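There are two complexes below, and they share chain A, which is joined by chain B in the first and by chain C in the second.
Entry: the complex of A and B
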């Protein structure tokens, strides 16, 4: 009886993770695509100090950060993947969303300020874990930063 | 250089594959591989376990019994006429001289069950002694456990449980914290597989037990009466806790009785005869 209940809870969480995770992911991607096309006119440039700088009147640092959590389905899926190895497809969308959202947040702030270009764009990732224990939840933080300039 | 706004195409950093397909593939692969590992290791463990010498089996039995007994110590009966009767009268007639020697442990509890541990340690619960109505019935149950001992079934089971335990330890520590839900799932299925003798082992033990009892009493009468009574109670196994204990470690009684009746017919055994009463205690 106890083990049956445990299996039922496990399957319930798995279904919750799958359906809720799927729903929020679709919603997030829809928003990302829309905002990406809205902010497309501002170039993001990754080159650093070597090439000649554009003639900038003003410059400012912009940071966009986002923390995205995995869902139960992705966690179990990736856990199984840990046993056999290979591409962890379950986490690919998670990181993709993180990177694009972080870039968008940086870009949106820069546009509001009046930037014409964002130079020297960098991305950083950190994993955030819950308390050390059995049921810890994995989240990923992605930060995008760059120098916005007004020409 | 002129900047031309352009959207990055999708599907470069994300594999365009539904997550459920990936998940299904993983589950099937892992289940197949673990089943393969479990059964091949279990088979090897059994093969090695039955090669253990009688002296080593005796040592293993000592370790097992000294680790099991403290948990049951409150119910172990050390000086009891029933224990003397089982150990001195009934057991020698059924088993003769064995290596390692058989030892009966009598446990004071209403549970109707008997079991055998490696090293020839037979556990008998007093509930069983109250439930049987003749010596023939008791002899068959005891002979069944003796047959398990002679087939070295407890050793095979020990080998298999060791494999199970080591696999679970590997899974429990090798897999990181994310897998919290899975190990308990695996261990529970493990318990179900690990703690039962196979149907074939049970049937072989039944057959040897019956032939043993017939050799001793000259007939198989009354030997199966205990099981016939159990079979009548079988449909309500959920309600009778003390009785259901026996079913949880043994296959369905009706099937066993049918197989034994068939065997008696084939071998031409006499299945009726005089009753041997239990001594007064």
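Entry: the complex of A and C
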């Protein structure tokens, strides 16, 4: 009886993770795509650490950060994937969402300030507080930073 | 104080270098927030409380770095970099460093 209940809870969490996770992921991607098309006019450049720089009067550092978490279904499917190896699609989309969201947050702050370009964009990823044995990819933090310039 | 992560400040020239300045902060997680994060591990998505916590902490690290540059007499910090490392299971360090300079 006890093990039956355990299986039931497991399946319940799996279904919740699958449906809620997919729903939120789709919603998040929709918002990312929309905001990306709205902010296309500001170029993000990963070079520009050294002069010459484009003509600019002001420069400011902008940082965008996001902590994003995996869902139960992704955790389990990645665990199964560990047995056979190969691409872990579940985590690829997770990190993709995190990076794009971080870039967008940086960009939106820069646009508010009046930036015309963002130079030397850098991305950092860190696994946060997730050293609990098997579920080590509990959540990841992604930050994007760069120097916004305006004329 | 002007902060940039490029090797100078556009439109200005560097007149004096003061060397490396740094600021860091170690933050522990909040038990209540961690319970919420546990729920988030089931349905996935952004953990807003952690995003806020880390943004605040990073701001604090930057402020400490700026304070150090201030005492040196700098008016800009160039080539700023960030690093996050998780120290133990319950704490993370946020670290910012850069080169303090005086620009005109």
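Simple rule for what comes next: the second predicted complex is superposed on the first by the 139 of 151 C-alpha atoms of A that agree within 3 Å, B and C clash if a C-alpha of one lies under 4 Å from a C-alpha of the other, contacts with A are read in each partner's own complex, and residues count from 1 in each chain.
We adopt the following convention: contacts are C-beta pairs under 8 Å (C-beta built on N, C-alpha and C of every residue); 3 or more make two chains touch, one makes a residue touch a chain.
Just so we're clear, the structure is a prediction, and the values are computed from it rather than from any experiment.
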Item to complete: For A:43, select first, second, both or neither according to whether it touches chain B, chain C, the two together, or no partner.
Response: first
Worksheet item: Taking the superposition as given, does A:66 touch the first partner, chain B, the second, chain C, both, or neither?
Response: second
Worksheet item: In the superposed arrangement, does A:13 touch chain B (first), chain C (second), both or neither?
Response: both
Worksheet item: So, does A:138 touch the first partner chain B, the second partner chain C, both, or neither?
Response: both
Worksheet item: In this superposed model, does chain C or chain B come into contact with more residues of chain A?
Response: C
Practice prompt. Applying the touch criterion given at the start, work out whether A:81 contacts chain B, chain C, both or neither, answering first, second, both or neither.
Written response: first
Fill in: Partner chain in contact with A:35 - chain B first, chain C second, else both or neither
neither
Worksheet item: Of the two partner chains, chain B (first) and chain C (second), which one does A:119 touch, if any: first, second, both, or neither?
Response: second
Worksheet entry | Overlap of the chain B and chain C footprints on chain A, listed as residue numbers | 13, 74-75, 132, 135, 138
Discussion item. Under the definition above, what is the set of chain A residues touching chain C in their complex?
Written reply: 13, 16-17, 20-21, 24-25, 28, 48-51, 53-61, 63, 65-72, 74-75, 94, 101, 119-120, 122, 124, 126-132, 135, 138-139, 141, 143, 145-147, 149
Worksheet item: Mind pulling up the chain C residues that touch chain A in the complex?
Response: 2-11, 29, 34, 37, 40-47, 50-51, 54-55, 58, 79-86, 88-92
Worksheet item: Along chain B, where are the residues that touch chain A in the complex?
Response: 3, 5-7, 13-15, 17, 19-20, 22-23, 26-27, 29-30, 33, 175-182, 184-185, 188
Worksheet item: Which residues, counting only chain A, touch chain B once they are in their complex?
Response: 3, 6-7, 10, 13, 18, 22, 36-37, 40-41, 43, 73-84, 87, 89-90, 92-93, 95-96, 99, 132-136, 138
